[in-house]
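Every chain is named by a letter (A, B, C and D) in the order it is written, and numbering of its residues begins at 1.
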Amino acid sequence: MASSTEATAPAPPAQVDRHSAQRNLYAQYRRVRQQSDRISEPLTPEDCVVQSMPDASPVRWHLAHTTWFFETFVLKQVIEDYQPVDPAFEYLFNSYYNQVGKQFPRPRRGLLSRPGLQDVKQYRQAIDGRIEELLTGESQLDEGLLQVLELGLHHEQQHQELILTDVKHMLSCNPCWPAYHLPATKEHEAPAELSWITGPEGVRSMGYAGNDFAYDNEGPVHEVLLQLHELASRLITNGEYLEFVEAGGYRQPQHWLSLGWNTVGEQEWNAPLYWHQVDGQWCEFTLAGLEPLDLAAPVCHVSFFEADAYARWRGVRLPTEAEWEQAASARDVEQDGNFVESGLYHPMPARSSAGMQQLFGDVWEWTSSPYTPYPGYRPPAGAIGEYNGKFMCNQYVLRGGSCATSESHIRPTYRNFFPPDARWQFTGIRLAR
Amino acid sequence: MASSTEATAPAPPAQVDRHSAQRNLYAQYRRVRQQSDRISEPLTPEDCVVQSMPDASPVRWHLAHTTWFFETFVLKQVIEDYQPVDPAFEYLFNSYYNQVGKQFPRPRRGLLSRPGLQDVKQYRQAIDGRIEELLTGESQLDEGLLQVLELGLHHEQQHQELILTDVKHMLSCNPCWPAYHLPATKEHEAPAELSWITGPEGVRSMGYAGNDFAYDNEGPVHEVLLQLHELASRLITNGEYLEFVEAGGYRQPQHWLSLGWNTVGEQEWNAPLYWHQVDGQWCEFTLAGLEPLDLAAPVCHVSFFEADAYARWRGVRLPTEAEWEQAASARDVEQDGNFVESGLYHPMPARSSAGMQQLFGDVWEWTSSPYTPYPGYRPPAGAIGEYNGKFMCNQYVLRGGSCATSESHIRPTYRNFFPPDARWQFTGIRLAR
Amino acid sequence: MASSTEATAPAPPAQVDRHSAQRNLYAQYRRVRQQSDRISEPLTPEDCVVQSMPDASPVRWHLAHTTWFFETFVLKQVIEDYQPVDPAFEYLFNSYYNQVGKQFPRPRRGLLSRPGLQDVKQYRQAIDGRIEELLTGESQLDEGLLQVLELGLHHEQQHQELILTDVKHMLSCNPCWPAYHLPATKEHEAPAELSWITGPEGVRSMGYAGNDFAYDNEGPVHEVLLQLHELASRLITNGEYLEFVEAGGYRQPQHWLSLGWNTVGEQEWNAPLYWHQVDGQWCEFTLAGLEPLDLAAPVCHVSFFEADAYARWRGVRLPTEAEWEQAASARDVEQDGNFVESGLYHPMPARSSAGMQQLFGDVWEWTSSPYTPYPGYRPPAGAIGEYNGKFMCNQYVLRGGSCATSESHIRPTYRNFFPPDARWQFTGIRLAR
Amino acid sequence: MASSTEATAPAPPAQVDRHSAQRNLYAQYRRVRQQSDRISEPLTPEDCVVQSMPDASPVRWHLAHTTWFFETFVLKQVIEDYQPVDPAFEYLFNSYYNQVGKQFPRPRRGLLSRPGLQDVKQYRQAIDGRIEELLTGESQLDEGLLQVLELGLHHEQQHQELILTDVKHMLSCNPCWPAYHLPATKEHEAPAELSWITGPEGVRSMGYAGNDFAYDNEGPVHEVLLQLHELASRLITNGEYLEFVEAGGYRQPQHWLSLGWNTVGEQEWNAPLYWHQVDGQWCEFTLAGLEPLDLAAPVCHVSFFEADAYARWRGVRLPTEAEWEQAASARDVEQDGNFVESGLYHPMPARSSAGMQQLFGDVWEWTSSPYTPYPGYRPPAGAIGEYNGKFMCNQYVLRGGSCATSESHIRPTYRNFFPPDARWQFTGIRLAR
């Protein structure tokens, strides 16, 4: 990001700098907001209504909620006597910020047919106009406010990923297997054999240390003690995971955590979320519809329970988040990582046989680390403090981003987190030992 | 209906008669199908997606299912090598006909964003075109097939009523109280005092005896033994029901059936379904949005449990369906009954002080009669036989139609039925003693 | 009962009569109370704790609740400044009498380990002592009070039957199949072919018309209109029902009411409640443990749904309660009926080939009649009025008593009632057409 | 334990040593088994039946399951052609060992009235007899087998604690508040002010390093990196926690983890599990019945969610398990710790004002550490390997034992674990910062 580069340049006069930062931020704002429009473009108004499970939200809600964030935490704070676009939106589009007010119950979001998709688009345009005025006008905005605005952009990127995963889940409930986009038709060769790469041992530093944006949960920087370990050079493929399935892995309790085994029974799991056997052949529901299972591609839509059971079945384990971060910290977020910008919306096979691959993009990688605060962590004061800290319970950390993540959203220190039974995100497996 | 008039005219040559009957039926077909379009017209595509509870269905589903009925039970039966509009619809839009095939699970109808509203409209047009060909062509159709087609029209009228009640329920889940149509603004005077009208005693005939269409459950004609009784001259008003509410009726178990009292507790009932207290004033959610409670209008959206408890609180009872039918059989379905054709979509106060009023239209009237087969009743053979008989358990009979019913749909012998806790239909109270 | 005989005798001086009635009632009291002890005798303290489902109650609760009835509705009413045996019992052992006070929640009765079985026995003895004083003392008791006391005895007989059915259900949850009593070991021959016996047609009288005890729901006497009909001469046997099972009856929706078919699926029914296939052979859990299925004995522990589906499969129907009562009214409750006094605790095959058999005892016979009030029925005032009327919803009438019923408890007009999915009572099938 | 002392003594001839070890183990066996009898002694047969929630088990089940452990993992392994006491017990009393066979479903344990308490006692005696033969006989047992037997004793001590907590929960469901033992009647003075004691910083060793018994989850010994920190000198008292309650802590979302706040709402928590307000006074249900809340005693029966929220409200945090273990490793398990041997069955106020107190006994102390495997941990092979590892998900570590724990059961490295919403154990709060 621009401000990072500037930070190392000789300090310009403060006023000029602030104006320039505002203009840069506005350019970023437009890019991020347009990306939301872009991924929503293939969707019908009807597609934007359905909430296919309590964990998912209707697309219209995502589009409105991310807008509500800017209205609530930026516009309302800075504009005197602010007139909201619609007073009802304060209630309808608050997700979980108790300090801002009551929330329309999450599992009931799919009951709302209004405001409709056009209304939500107008809401977005109205707020975009006000933000434009604010950022491109004469006045210099408070540093804290600019930080919240930047937070809002990262927040919107997170919801862009959720739009794709929630739409995928919604379409998967339809027995006609509708497609979100046209299928890519290339065939893939099996990737090279998985190799083991030794990681560093001893006391190392961990957490975000830069000057750019990072979430509160990526800090404070602190020291961790690493044991001797090795990481797999690439992700586990569908073909490798299929061996576990066909060896009876879903019927053998010894591989599973106790809660995982309960879940296997209750949810009647016998394969990853979107795998289906059609006329004896394994297929996978994708955003391009139902496709034959690509054995070379990374396994995807597995829960922590499945990732852990697979590792145990192979006699190894999942990496800790500290181990993962050490491996990743040496690398740039790869230019050729398979992020949402590729337009593939699906993980792709490893392309090389040398060195560590696929750390970024493709699928979020489950770690063995419960999602806990780093030593000394304190959530920020106020409603913004409800962003991360209060979810640090019964979730596991995932790293690296996926094919539904924006490349600009990811850092080596980035911590994503989901409960151990979640499967509708693009989640996969890297082994450690 | 036309065929009824013809039945009393001198019999024409059979072939001419059949052709004329087909043309009449086609005219009726167009009228009924256009009515579905008319009531869907105010709805957005988003409105047509939501399923707000398992008992309700999305509007798109109603529009497609009624069309599926004609495709499945008429077109497929008569056209050789019939090519369905879409093979998936056979599964998606089957409601509960086990003999026709598997059904997409009812509680999941709201998960389908596709086919969209436009697709469903095209489906309707495609089937309408094929039906037009069939009915206006040269060939004479089998009598049984014409009966099934007529059944399909009455079936569609039932779903038209459900569209309105399901939309009302869906909109009521929205804290913004959206309106389906513009409010009517007249003020109403309180109706005349309720009087008691003595009904006939002894053995009487019951059930449908004419030559027009009637459902299987309205027959066979049979004799019933009536006790001495009186019926109330009009429906119970909101004002009268409010006395029960304010006297603590919802907190006093002695008025309630045991199951009703459980339901009051579990559902936290304290007034009819769409009543709300706003700033100390009672309001009612209507298809025109939230309105002040009209004390003169009939109470509406009460369950059998509430109707029964109210009657008990007043020391009287609900009518049996035999008593109701005797009172109604003497009368034409009133020309001025408040049916869906009035465009009011809400029950209206009784307009006269003399004689029996409001038997037809306004609200369905709960009877004390469990929904059971008449003596000698047998459901028809085949899938059509799944229409009525299999629901004869744990439901109560309602009579007379409502402000959401088509006038042409109702007869004195017409039997509607719902479980005793159902409240989302336009259901009200007539007393007996 | 004594008072019935006296009613036809010349009227004695009122005072003597009253004293004699009290003494007779006390004799009856002792017989009924001792029967509760007798059937509880084979049970361990542990057996008397478990509540195996919300519909069932622990034996200790039944023993205490029937005692509570006498304490609450007799002793407290007549003894000035009555000191309860334990004030907590008023709350713990109230079943559903809202007018007497709050109730310990029914589904939690199995959570109470105390008072223990000995404590409950002492409670019974304490109340028995006070009742003895009351009835055998000098004072003449109010006629209404004697009626309530008599009601309490019939109430206790009902709970004696529930003790047996609840114990049977509880033991059936134990994979070791424990027995309540020793098995009877006779072998049975198949009964004679079922024949059809014509019942009366036209207007007939129905309901209890005598001077002895009867429940409020057996009256008022009123006229009913009977259609021409025939009743089966005996109950359906296990062998006959097995044909339905083996013909796939539990997998074919066309025989079932819609709610019944849902229940078959949700509860995974594939045979009557206590049938089990062990090594390919059909067995039945009985109060004597697991036994090979006796094909000659009446089928038992079927729900209304199953009884109705079986009748439909055979092309016939269940009797109405009016038809059943006409057949039964001509007969004494048979001397050789298989009631609880036989000590068999299981239904037995029909013993004769001539005429109507098994109307009384063996199994309760499902009728097609929903449980509704007779015309003119009003529940008694006060808490006693909560006994029957408030349950008149979503239940079906059963007639004739079972092998777990006391012979002295049954009359031709006796109306039992259970929801259509209940199976843990001794319930069976008589056909009609 | 004996073997520990011996380990430092000059090595005796192996054979003698083994015999002596067997004799010592048998003495230990008798002590532990007798303790189970002792704590069950105040219970009635009825008390030993109830399962008051799915997490709890009936006392009879605990007594039988601990016995089953010895039968299954010791006797069956070593005795040829072993004849089980009752073949059904293998199924009934298996808790969760999938590798040993199927298990009777845990939530249904309360449905079993048989085998009764006497039967279970006989089962215990039978197994005790066979173990006595085995250990006191001539033959020298395999070292691995002795280890399993020792594991069985620690396993039984765990269930002894569960007997007390499950009985407490069961009695708490009884509105009569029955007591398990007679109340202790001393009054307590408030403890000294809480002070903060600095812990060690840097790389430290953690995990069990001795030669005595320890669970697999206490190893391997490994290094951890500690931050600078302080621990509170004593446990939080009821009085201190009451301030949180009265300040509205249960109504303010900002103190709570998101899952915790959901739980507060769903479970309607407004105080620790057994606190009740009676006539405006706070009371606490104890194993001695309902008692006025002792403000000086440690708060007890709080969940992790409550412990965490309380710490947050005070601006501090809970200790990590590494911090706790460092503090504890310097100390013997205190001679005067309030363990089950005290017979108080309730936590007691801190008795001194100097130094670290109450680390052992009184209440289990919630740490902030999710229950995860130590680096390099692998569960043992076979069924015994199902003991600890498979539960390492969505649970938090607790340390130090409670007033319901045997003193001989606890070590500084001992790791207990429960889900964050569990409250029925004796769990309390020590703060850190």
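Assume a residue touches a chain if its C-beta (ideal position, glycine included) is under 8 Å from a C-beta of that chain, and two chains touch if they have at least 3 such contacts.
Not measured: the values here are computed from a predicted model.
Note on chain placement: the centre of chain B and the centre of chain D lie 61 Å apart, centres being C-alpha means.
Once the centre of each chain is set as its mean CA position, chain B and chain C turn out to be 39 Å apart.
Chain A and chain B have centres, each the mean of its CA atoms, that are 48 Å apart. Viewed as a network of touching protein chains, the structure reduces to one closed ring of chains, two contacts apiece. Applying the touch criterion to all chain pairs gives A-B, A-D, B-C, C-D. Residues of chain A touching chain B in their complex: 44-50, 52, 60, 88, 91-92, 104, 108, 110-114, 116-117, 170-171, 173-176, 178.
Across the interface of their complex, chain D is touched by residues 96, 98-99, 203, 222-225, 227, 253-254, 256-261, 368-370, 372, 375-376, 386, 390-394, 420 of chain A.
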